[in-house]
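Working notes, structure below.
Order of writing sets the chain letters: A, B and C. Residues in each chain are counted from 1.
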Amino acid sequence: MRLALVAVLVAAAVAGAIVVVERDGSGAPASASRSGGIALARSAASLPPPAAPAFRVGKPRLIDGHETRARSAPVARRAVAFAEPGGRGQAVATVEPTTEEGSTNIVLVVGETTLGGGSWVRVRLPSLPNGRTGWVPRRALGGYAFVRTHLVVDRAHLTATLLRDDRAVFRAPIGIGVPAAPTPPGEFYVRVKLAGFDDPFYGPVAFGTSGRSAVLTDWPGGGYIGIHGTNAPELIPGRVSHGCVRLRNEDIVRLSRLMPVGTPVTIR
Amino acid sequence: MTDPTVDPTLDELAATLADVDADGALQETAAAAFPGTRGAFLRRSLGTLAGITAGAVVAGEAAAAPVAATENDVAILRFDLVLEYLQAGLYTEAERIGALTPETLAWARVVGAHERAHVRALQDLLGRRTVPSPGFNYRDVTSDEDAFIKTAVAFEDLTAALLKWQAPRLDSRSIVAAAVTLHSVETRHAAWIRHLNGLSPVTSAFDKPASQERMARLIASTGFLTRRSRTALNARPRFTG
Amino acid sequence: MGESCGNDGATDLGSSAVRYSRHGLVRTGGALVAAGAVGSLFLVRAQPAGTAPSEALDREIFSFALQLEYLQAAFYAAAVGAGSLRGDVLEFAETVAEHEQAHVDFLRDALGASAPEAPEFDFGRAIRGERAFLDAAELLENTGVAAYNGQAANLTKPSLAAAAEIVSVEGRHAAWASALAGHDPAPRAADPGEPARAITATIRRTGFLR
């Protein structure tokens, strides 16, 4: 009789009527019909595979560890640039939203500070004397643009070198100003890129900088120093221009692919 | 943000976009935010409908034969791309300027890397139907801790809500399958930045969707969209020579 | 209206207004946005035949999801009850326990009589120490996200909308658990979906199920 009872109990346990709660190391189900693992597996078996996604996102794109070399911003509204942040010091210059050519006037941002009244930024000014900076309210400027490039013009060796992340990626011989109309030394930046004009004197493409001739102050358009091509490549390298930095046409085209507007320019 | 209490109207958004959007692509995209009044929106912003052109084939693993994506899906994806441009730009600039706290900068670095990857993925998918990035002016939001946190929390929460609103409105199941993989990451971003700033990472057992119109209003309220600078011209130089 | 992108076998081809199945598990009030014209734009994958969303498939998917939610709800309730959590981690467990129970309630309600019952669980040491608890929570939440993301496009539109509201919260839970554990709350730029088989294997490896 006892044996029959045991048999019934075993049969009942196997059938799942009695749940044996006993955990072994593997977590194997003690009873099939109450097994969550088996239920989950059965449920999973009736599901279709995931739909193939239309695209996959790649790896996260970290910014390079390199600092960006420079920051520029468009002038959003006319503003007075002051010698000190806060607008109380001496007025240094006025910046306008557009240039003489009708391009957006951009300024290189070289510093910033926050005062009670708001943020002020220190900008390199496209005015004489060369290398002048002034403080304008942040709200006078538009959104920042960042560049990793830096153009170094070497007047002694008559070369222009473009650095990207401090590594030279371009070098070419140049023509610079004659002694009577020299290319000014100092810190400048590229303001505008001009193309589609039909003037072989300037080559296929030309860059305007913030630099100005200290001697040709009555020059139409303000006497800005440009970086451009030439119809007299045989003069390069040499001291031959009215202050502009001239490159052979194949070199200026190559440079135009590597150097964005806003690139700082150092003329040594 | 300029004034979070002002609720920009459809007209204001249309005017903002007309001001900054030279080729009409952005207006087409923004019109997707207002599906009920799409035609009216486009008339207001003086945009023209982008032409339908053949697009790129989506690369990927072998499956059933590819079929054409719908205009509906293209509009949704382009809207998402503009939103990703905005967020990627915001976090990239914050990282570059480096004025926020180390903890917030660490968040911006990781999350910015994700948003930049999202931009790339959406551009690649859209191919010739992509839109260029608008110009952005983030003002002091990228250097002021409080302003940045407020803005980032708002955008991460609302982006997750937007993707929930879009998912059942997509025609293509394969785009749904891809979109949900981005959606859950945005919810992680949101929970994370909340947690860093003493806010509850999750406020309800169910997160509600939010429409494209609502996101368009948030974007307009920031005033971040600007005209792109014109620094390349067809004009004759007048340098000293 | 032309054929849809193969995303919904129950779409009425003759009607341009209804672009999703009316026969989904979750009912909504009206039609969603009417679809625009199909154009020759970029190409996306169509899905293989036989996987079209339907109410029957919604039930299978929600049934699977419910079993995951049962596990999570029981896990957090057990962790709170075990009494070894404190401070931020306890607050996390209590909050999430409420959410997971709400998810269980929703899915049971949606499935009605066909809802599976909760099995028994044994969480062992995973609920008795902060480190073990957080690691297990992170795993369960991440697995939930992968499960929902894997099945999302197999759901009818209304069910997808509902599932999105849930997976959104799972994603937040996952990031919260990771943050508390000192891990990266958002380790990837996208969270891929996984097939139900892989989800099952991950869950069974925990040993929480019998």
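For this structure, a couple of remarks:
Here is the rule we go by: a contact is a pair of C-beta atoms (placed from the backbone, for glycine too) under 8 Å apart; a residue touches a chain by one contact, two chains touch by 3 or more.
Remember, predicted model here, so these are calculated numbers, not experimental data.
Averaging the CA coordinates per chain and comparing them to the mean over all protein CA atoms picks out B as nearest.
Chain pair with the larger contact count among B-C and A-B is B-C, by C-beta pairs in contact.
Taking the mean Cα position of each chain as its centre, C sits at the greatest distance from subunit B. Averaged C-alpha coordinates give centres for subunit A and subunit C that are 40 Å from one another. Separation between the centroids of subunit B and subunit C, computed from CA atoms only, is 26 Å.
With centres taken as mean Cα positions, subunit B sits 19 Å from subunit A. Multi-chain contact residues, meaning those touching two or more other chains, occur in subunit B at positions 58, 60, 63, 110, 113-114, 117-118, 121, 125, 172-177, 181-182. Multi-chain contact residues of subunit C (touching two or more other chains) are listed as 44-45, 47, 149, 153-154, 188-190, 192-193.
Listed for subunit A are residues 50-54, 56-60, each touching two or more other chains. Across the complex, subunit A meets subunit B through its residues 50-63, 68, 71, 74, 76, 100-104, 106, 112, 114, 118-119, 138-139, 141-146, 177, 181, 191-197, 199, 201-202, 206, 208, 213, 216, 219-221, 223-226, 228, 241-244, 261-262. Residue ranges of subunit B in contact with subunit A, taken from their complex: 58, 60-61, 63, 92-93, 95-97, 109-110, 112-114, 116-118, 120-122, 124-125, 135-140, 143-144, 172-178, 181-182, 224, 226-227, 229-241.
Within the complex formed with subunit A, the subunit C residues making contact are 44-45, 47, 50-51, 57, 60-61, 63-64, 67, 70-71, 116, 119-122, 124, 149-151, 153-154, 188-190, 192-197, 199-200, 203-204, 207-210.
On the side of subunit A, the complex with subunit C involves touching residues 19, 21, 23, 26-31, 34-37, 39-41, 43-54, 56-60.
On the subunit C side of its complex with subunit B, the touching residues are 4-8, 19-20, 32-33, 35-49, 53, 95, 98-99, 102-103, 106, 145, 148-149, 152-154, 157-158, 160-161, 164-176, 179, 184-186, 188-193.
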